[in-house]
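In the two assemblies presented below, chain A is common to both, partnered first by chain B and then by chain C.
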Partner chain A sequence: MSLLHLAIISPFLFAIIIPILYKLFRQVHTGWFVLPLPILLFSYFISFISSTSNQEIITESVPWIPALGVDFIAKVDGLGLLFALLITGIGSLVVLYSIYYLSKDKEKLNTFYVYLLLFMGAMLGVVLSDNLIVLYTFWEFTSFSSFLLIGYWYDREKSRYGAQKSMLITVLGGLSMLGGIILLYIMTGTFNISEIIEQAAAISVDPLFIPALICILLGAFTKSAQFPFHIWLPDAMEAPTPVSAYLHSATMVKAGIYLVARMTPVFASEGLWVWLIAGFGIVTLFWGSFNAVKQTDLKAILAFSTISQLGMIMSLLGLGAAALHYDDIESSFFGAATTAAVFHLFNHATFKGSLFMVAGIVDHETGTRDIRKLGGLMNFMPITFTLAIIGTFSMAGLPPFNGFLSKEMFFTGMVRVLELNIFNFETWGMLFPVIAWIASVFTFLYSMILVFKTFTGKYKPEQLEKKPHEAPIGMLISPIILASLVIIIGFFPNILSNTIISPALESILPNNTIDVHISFWHGPTPELFMTIGVIALGILLFLTLPKWRKVYDLFPTKLTLNRLYDGGLAFTQKAANKITKTYMNGSIRSYLVYIFAFFIVILGTTLAVKNAFKLDTSNVSSIGFYEILLALAIMIGSISILFVKSRMTAIILLGSVGYTVSLFYVLFRAPDLALTQLVIETISVALFLLCFYHLPKELNKERMSFKLTNAIISIGVGAMVTLIALSAHSNKLFDSIAEYYIENTYTEAAGKNMVNVILVDFRGFDTLFEITVLTIAALGIFAMIKLRMGGGKKNENK
Partner chain B sequence: MILLAVKIAILCMSVAILGLLYRVLKGPSVPDRIVALDAIGINLVAIVALTAIFLNTSAFLEVILLIGILSFIGTVAFSKYLEKGVVLERDRDY
Partner chain C sequence: MEIVMAIVIGVLFMSATYLMLSKSLLRIIIGTGLLSHGAHLLILTMGGLKRGTVPLLGEEASAYTDPIPQALILTAIVISFGVTAFFLVLAYRAFKELGTDNTERLRGNEGND
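So, the complex of A and B:
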């Protein structure tokens, strides 16, 4: 157990003592106890920067299940470190923010911080694990803790709905990812990502390669809210705002992006990988930004904006993967797309985190998040307004904020798609820059809506629950830090490039050194004109918004993906219910029909397929006259049972059949069996009489009606058993072991009755448990009668 | 010679049982059936005895005694059931 492992699991360990601290120190906000941990972790991970920027990879291994090749291998490389810093850094800020956001007296803080720490530890585990099974374990832990956090206010219907929805969708993806991991293991024989990457070229021709690719991508797409799995993210906004800021903008939704980036060296040789990621990413980008415009809830706008930005990062990663198909990455410029992805990943975490916190402040201070009710808050909340301006302008891609830089690089990547000449990009690649540009216009538009509808315009005090005022300073610290980062990186982007981005690129595109050239932001490139066009059209659309807003009404509400999800869920339940009800009708007769029908079909098919039916008469003894007579008596007796009218007659006939069987025993020289059979038959008949005494005497009221199915099945079962018995008799492969008993009954066991010696000596264990069976039956009958009578008495007393 | 006689005897007994079986099936009343069953029991005793002679063994003599006891008990139980509606009467003190 190294310090690195301890760092990864420390949130889990700390989560254990949170409830104790909560109970012991009720007057102190529990968040203060939590806060040091992420700060400590953040400083610890900062210390790795010097080694990762020298292309060093720190690996620590602890055996977990070595027999299955599952070891907890913690690996810190550029990509893992970038994520670890985001998780712990934003984690610290979110904890600080939550201390002021969540009330100490009204909220169950112990559960909140336990869930949050679980999530933090799980997320660190995801990004720092080199073993895929460990990664999957932590991955599901993030889904699970996210479920708990979304449903934090579990007394609200919508929270539960959102939590269930996100759980179902992310676990669907998680399971499919597990399938992909197992396929990778089948192909490579290892769960370790670094070893899989070494075999990447060999496995790319494997028939399991494409299924593994699709399975892994499904996991990444569901987690990172890519189209059409994005629907859980807007509903996850029912979580407390610190959770939305942390999980649903900065960290968890980027787990899918992390996975894609991590797996790029494995799968990028396949054109499908490039196409799927770039294609779904660009569709998500457009769909998210398009839908964000029509939202009226601040957090809903931010949720769709997150979806859209994740799509953007995803599409950049997809195009960046195409870089691996060129020998000279430096000159092909596709590495630039990956650079943009990593850079924007970082930028998005900063500005989206601060925007969520701003939305939380607005909600906290005014009592609503509906932009139709908000307006003119600028004068009341100047600091919040400044923060919102910085965040949204960065999101819209305006200079001088960091969003501008990554948006420029995004356009660069998209424009360069036109230069791609593999995987049919020369025909369809044109769509990428066009869609990207349109989506950017919408991004600009909703960013403007977000800030100007909230903070400028007419102040509507009558619609607000509280009198708005500036937030307490503690609540503002975290967004201020994030906003300062937005500005600092905007002005000095290169402080990140060599320390963080370059090592991360090294992990995504191994064996290629890419000189990160963020400084190239000047010059009249096509990207710059695209940005100017975005701003111009965006402003125009913003000003004329009321006129064209009706466009959104054109989309039929019945055809949304949410309706599909809800309908699908309801349909599944209904269909499953219906199917179950058709065959589980509660009638034992139907169940017997199924059982016997399967018996006939399976045994019959086996007999037919294996060609097992054989009739061998060489081994058959001659049939005597008495046997025929007795058989006739049994047949008459048993067939008559089916047709008699009174129960009494049926019992008597059954008894006569039993007695005839005992005669058979006599005839076949089995005196002990005959004795037992006679006694048991008598007792059974007596018991039947006892039972039937309590029933109506005649069968007439519910006469056994003739049912064709029953007749066919009973004849089928009879025929099948007969066929099997005949075949079994004709297929005797070995001699009987009876000779041994015949020789040794007297010499070994001192008895002359062979049946009895077998029962109590040679195979006495069977007898022991038959005795047990009888004891249990007797006790059971006794208990049933006694208990029933006791219950009856109680009822009588009442 | 004796074996032939035994065979003929068993045949006769079997025919008798078939006849009694007809009575068991046909009824018309329950006592008819019970008497027929009792008679079948007696006939079984005879058949088992004859079979023992035929197989030249004494292993089935216990069966003969048992059938005698059971058919008696069975007939008594049936009769009591028909007469009183129960086979075992409850203890009055209970």
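So, the complex of A and C:
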């Protein structure tokens, strides 16, 4: 166990003592105890920068299930480190923010911080594991802790709904990912990502390669809220705002992106990978930004904006993956597309985190997040307003913030799609820059709505629950830090390029050195004019918003993905219920019909398919007169039971069958059987008569109604037993072991009655437990007659 | 003879199945009785019929009937008797408590499903 392993699991360990601290120190906000851990982890991970920027990879391994090739391999490379820094850095800020956001008197802080720490540990595990099974384990841990955090206010209906929805969707993807991992294992024989990458070229022709690719992508798409699996993210906004800021903007939703980036060296040789990721990404980008404009809840706007930005990063990663098909990577744009993805990944975490915190502050200080009720808060909350301006302008892609830089790089990537000459991009590639540009207009639009509808315009005090005022300084620290990062990276982007981005690129596109240089001014390039166009059209649309807002009403309300999800869920439940009710009808007769029918079908088919029926008369014994007589008697007796009118006759006929059976035992040389059968048949008939006596008078005359199905099934069962008996008898393979008993009954066991010697000497254990069966039956009967609970008493008195 | 016995056993199984598919508890138990008769005769028949004298050494015969199926059947008879007796008393008690022996009406509480 190395220090690195300890760092990954430290949040789990720390989560154990949180409830104790919470109970011991009730007057201190539990968050203060939590805060040092992510800060410590952050500084620990900072120390790796020097080694990763020299392209060193730190690997530590601890055996977990060595027999299955599952070891906890912790690996720090550029990509893992970038994520680890985001997780711990934003984690610290979110914990700090939550200390001021959540009241220590009203909320159950112990559960909150336990869940949050579980999540943090799980997320670190996802990004720092080299073994796919370990990665999957941590992956499901993030789904699980996210479920707990979304349902934090579990007394609210909507929280529970959102938690369930996100759970179902992300677990669906998680399971499919597990399938992909197993397929990869079948192809390569290892779970370790670095070893799989080494075999990437060899497995790309395997027939399992495409299924594995699709399974893994499904996992990534559900986790990262890509179209059409994005529907869980807006409903996850029922979580407390620190959770939304941390999980649903900066970290968990990027797990899918991490997975795509991580698996790019494995799958990028396949055109489908490039197309699927770039295609779904660009659709998500558009759909998210388009829908964000119509939202009225601050957090809903941010949720759709997150979806859209994730789509943007995804599409860049997809196009960047095409890089592995070219030799001269520096001259092509793919390196640039991947750089843009990684850079925007970082930028998005900073500005989206701060925006969620701003939304939380507005909610906290006014009591509402509805932009129709908000307005004119600029004068009350100047600092919050400034933070919102920085965040939204960066999101919209305006200079001088970091969003501007990544958006320019994004446009570069999209415009240069046209240069691609593989995977049919030359025909459809044209769509990419067009959709990207339209989506950017919408992005600009909702960013402006977000900030100006909230902070400018008319102040509506009558609609607010509280009198707004500036938030406490503690709540502002975290968004201020994030916003300063937005500006610092905006002005000095190259502080990141060699330390963080370049090593991350090294992991996504191995064996290629890309010189990362992000510059503010490209000169009069098409990207610049695209940005100017976005701003111009965006402002125009923003000013005329009331006039064209009705466009959204044109969309059918019945045909949404959410309705599809809800309807699908309800339909599944209803259909399952219906199917179960059709065959589980509570009638014992139906169940017997199923069992017997199954018996007939299975055995009949086996006989027919295996051609097993065989009749061999060489081995049979002669037929005697008495035997025929008895056989007729027994057949007539048993068949007439079916047709008799009274139960009395039925019981007497059953007795006659039993006595005939004992006569058979006499004829077939089995004296002990004949004796036992005689006695037991007598007792049984007596018992039947006892039951008969107590049965209701009005049912006495009930006749057995004839049913065709019953007749068919019973004839089938009878025929099947006969056929099997005949073929079994004709297929005798070995002689009996009876000779041993016949020879040794006297010499070994000192008895002359072979049957009795077998029962008590050779096979005495059977007899012991047969005695036990009788004892239990006797005790059971005694208990049934003697013991009555509650209601039994009054029937007895009647 | 084994062929005749196979048919007899088939008839016993058929009647037993038909009775077990009926609605009345008593008939179901009669059905299980017939079924065990069928099973016992099946064991005996499969062991081979009439191949010697009774399995008693005092008979001094050259060939004896196979004693193993007989021992198995003896065990089975006793066990099926125990179970039948238990079932009969169960049916009797069920009728006492519930007032019916019709299995279609023995479906548990309406509210509990």
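Criterion: the second predicted complex is superposed on the first by the 781 of 798 C-alpha atoms of A that agree within 3 Å, B and C clash if a C-alpha of one lies under 4 Å from a C-alpha of the other, contacts with A are read in each partner's own complex, and residues count from 1 in each chain.
What we mean here is this: a contact is a pair of C-beta atoms (placed from the backbone, for glycine too) under 8 Å apart; a residue touches a chain by one contact, two chains touch by 3 or more.
Just so it is clear, the model here is predicted, and its values are computed rather than measured.
By the touch criterion defined above, A:L3 reaches neither chain B nor chain C. By the touch criterion stated above, A:I652 is placed in contact with chain B alone, chain C being left untouched. Judged by the touch definition given at the top, the superposed model places A:A711 against chain C, while chain B stays out of reach. Looking at the shared chain after the overlay, A:R669 reaches both chain B and chain C.
By the touch criterion stated above, A:L678 is placed in contact with chain B alone, chain C being left untouched. Residue contacts after overlaying the shared chain place A:L690 against chain B and chain C alike.
In the superposition on chain A, A:E770 makes contact with chain C only, while chain B stays out of contact range. In the superposition on chain A, A:V644 contacts chain B only, with no contact to chain C. Chain A is touched at more residues by one of its partners, and among chain B and chain C that partner is C.
In the superposition on chain A, contact of A:Y626 is made with chain B only, not with chain C.
Residues 669, 671, 690 of chain A lie in contact with chain B in one complex and with chain C in the other.
The part of chain C that touches chain A in the complex is made up of residues 1-24, 26-27, 29-30, 33-34, 37-38, 40-42, 44-58, 64-68, 70-71, 73-75, 77-79, 81-86, 88-93, 95-97, 99-104, 106-108, 113. On the side of chain A, the complex with chain B involves touching residues 625-626, 629, 633, 636-637, 640, 644, 648-649, 652-653, 655-656, 659, 662-663, 666-667, 669, 671, 674-675, 678-679, 682, 685-686, 689-690, 693. Within the complex formed with chain A, the chain B residues making contact are 7, 10-11, 14, 17-18, 21, 24-25, 27, 30, 33-34, 37, 40-41, 44, 47-48, 51, 55, 57, 59-60, 62-63, 66-67, 70, 73-74, 77-78, 81, 85-87. Of all the residues in chain A, the ones that touch chain C in their complex are 586-589, 592-593, 596, 615, 617, 619-624, 627-628, 631, 634-635, 638-639, 641-642, 647, 650-651, 654, 657-658, 661, 664-665, 668-673, 676-677, 680, 683-684, 687-688, 690-692, 694-696, 699, 702, 704, 707, 710-711, 713-715, 717-719, 721-722, 725-726, 728-729, 736-738, 741-742, 745-746, 752-755, 758-759, 763, 766-767, 770, 773-774, 776-778, 780-781, 784-785, 791-792, 795.
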